[in-house]
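Accompanying notes for the structure given below.
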Amino acid sequence: MRKFLALVLIAALGAVLIAAVVNLPEPGTTDSPVHTHVSAGYIKGGHEAGGADNLVTAVLLNYRAIDTFGEVTVIFTALIAVLAATSLAGPTERSGTQNIDLKTTRVPVSPVVSFVVRLMAPFIATFALFVMLKGHELPGGGFQGGVVLGAMLILLALFSGRTDKTDDEELPPGLRNWIRAAGPLVFGALGLTGLVFSGWLFSLPDHPFWREMVMIGLELGIGIGGAAVLVGLFRALREG
Amino acid sequence: MNVLLTHVDYIAAVAIFLVGLYILLVKQNLLKKILGLNIMETAVFAFIVTAGMTDNGVPPLLGPDAVGPFASPLPHALVLTGIVVAVSITALALALIVRVKRECGSVELNELGKVE
Amino acid sequence: MMAAIQATLAGLLIVAGAAFFFIGTIGLLRLPDFYTRVHAVTKCDALGAGLVLLGLAILAGFDGSGIRIIALIALVLLSSPTAGHALARAAWRAGLEPWYRKSGHVGQ
Amino acid sequence: MSVSDLFDLLILALLITCVLGIARVRDLATAVTLFAIYSFVLCLLWAHRGAPDVAMTEAAVGAGITAVLFFTAIAKIGRREK
């Protein structure tokens, strides 16, 4: 019965969505509103006003900077929520519901896999840093480099962490918390700098050199902070 | 019929979205529901990126020798932030599911109704 | 002349790589158990992708993108056997029995 | 119907196959593996649509981090869907 109702709902929604979708302009045509309305201005003035060859980075760091600030705040908040959900003690620890069948024997890490992971990790980290630092000219930027760096750190935590102990953090806790908050902190600080120097929140300086430096700083902050948040999510989930 | 062929990208995104919604509504396992939610999110992202593409697929990079028409950069930036937020949502939901398993001993929704 | 040789060589390498992928996929579909399938797929990944990338590197010439493709070959040759090893080891640790010929007149 | 269009159609067919597979299988680990494959094919689609930034992020997040998070959760809650 529930399945039948769900299928009816999905069929109705599908009919509405397809009827809406076939009336949109054909994908790929360059005279549709998505290409003529806002994006045309970004593409025309992106290099001067946005300060970056890669227009995606220009949109993220300049045109839509407040959106991006909210977004780094959201992922930091998600980390706090996950830490709260996994590490805070519950009201009552129910007895008898502990899942005994899930106590799997922990397989020791293969030395081959561990060696290859350790061998490749510096190269992946170099690539991630390259993606972050050249994000205003080539495809890449803070988020892209951050997720690559985060994936590399999760790989390392999977294969070379001490599996017998639960707390295998590399960094002292104080520094770790500051790095996890690096995204919102760096973004907020540089945004306030823009307010002081040019009167607009989140505006970039006019001088090309300083503009490039600020963009690199923003990308490094977003990337390293994002990577730390992703690793924190993984660790909290594994230990919780 | 012709309009179905020219808009096949949009229709595929709608189909993926509907399958994700079906998983979210019908499956009783909470982790399967989160998978369905992720599928719906990626279907929406695919729809947004498809709306901003051009026929020859030039990325919006203004190099010295780049020629247009470029794909629209705004959908790319929106989807980029969306993906990172989606992984945060997934991690939060999974942490809550693990907590539910620890407290109640099950992650099936129809069994959870009987707990207390 | 040089360009023609380059294109021919690259085309041959890419076709050879695609042939390895084809054979590996047949192996994935036809072989009887997990271990033999991992064996087939790892071969197809390492050799097939390696040959296709080598053909592309020759086509791109010995400049920036060609060198990057060669670095990619090194990465694929390193990661694909490792993935196969990890899969087979995990299956063995989890207690998956390898396949034996049922009639038992060979080996067994 | 050019080669590029055929490539698009092939990718879309693969995506829908993966999603239907996720809806069908009862084993959660298989479903998550299918989701990783789905993310990787999607990343191919976006690279083809002129969005290399999104493709890079999706390859690292969808096929890497999300799959690892799901597997970590499955290790705690069991892989069988009832």
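Order of writing sets the labels: A, B, C and D. Residues in every chain begin at 1.
By our rule, a residue touches a chain if its C-beta (ideal position, glycine included) is under 8 Å from a C-beta of that chain, and two chains touch if they have at least 3 such contacts.
Bear in mind the structure is a predicted one, so any value in this text is a computation, not a measurement.
Undergrad: Count the touching C-beta pairs: is B-D or A-C ahead?
TA: Output for the comparison: B-D.
Undergrad: Between subunit B and subunit D, what is the gap in Å from one C-alpha centre to the other?
TA: Taking the mean C-alpha position of each chain, the two centres sit 10 Å apart.
Undergrad: Indicate the whole-number Å distance between the mean C-alpha point of subunit B and the mean C-alpha point of subunit C.
TA: 31
Undergrad: Quick check: how many Å separate the C-alpha centres of subunit A and subunit D?
TA: 18
Undergrad: Going by the contact rule already set, what residues in subunit A reach two or more other chains?
TA: 54, 56, 99, 139, 141, 143-144, 147, 230, 233-234, 237
Undergrad: Two-or-more-chain contact residues of subunit D, please, as numbers and ranges.
TA: 52-53, 57, 61, 65, 69, 72-73, 76-78
Undergrad: Of all residues in subunit C, which are in touch with two or more distinct other chains?
TA: Residues of subunit C never touch two or more of the other chains.
Undergrad: Could you list each pair of chains that touch one another?
TA: Result for touching pairs of chains: A-B, A-C, A-D, B-D.
Undergrad: Spell out the residues on subunit A that touch subunit D in their complex, using ranges where they run on.
TA: 54, 56, 99, 101-102, 104, 131, 139-141, 143-144, 147-148, 150-151, 154, 158, 230, 233-234, 237-238
Undergrad: Given the complex with subunit D, which residues does subunit B contribute to the contact?
TA: 8-9, 12, 15-16, 19-20, 22-23, 27-29, 31-32, 34-36, 38-39, 42, 45-46, 49-50, 52-54, 56-60, 70-71, 76, 79-80, 83-84, 86-87, 90-91, 94, 97-98, 101, 107-108, 111
Undergrad: Which of the residues in subunit D come into contact with subunit B in the complex?
TA: 4, 8-9, 12, 15-16, 19-20, 22-23, 28, 31-32, 35, 38-39, 42, 45-46, 48-54, 57-58, 61-62, 65-66, 69-70, 72-74, 76-78, 81-82
Undergrad: What does subunit A use to touch subunit B in their complex?
TA: Per the touch definition, subunit A meets subunit B at residues 2-3, 6-7, 9-10, 13-14, 17-18, 21-22, 24, 26-30, 32, 34-35, 38-39, 42-43, 46-47, 53-56, 58-60, 64, 67-68, 71, 74-75, 78-79, 81-82, 85-86, 90, 94, 97, 99, 137-139, 141, 143-144, 146-147, 226, 229-230, 233-234, 236-237, 240.
Undergrad: For the complex, give me every residue of subunit C touching subunit A.
TA: 75, 78-79, 82, 85-86, 89-90, 93
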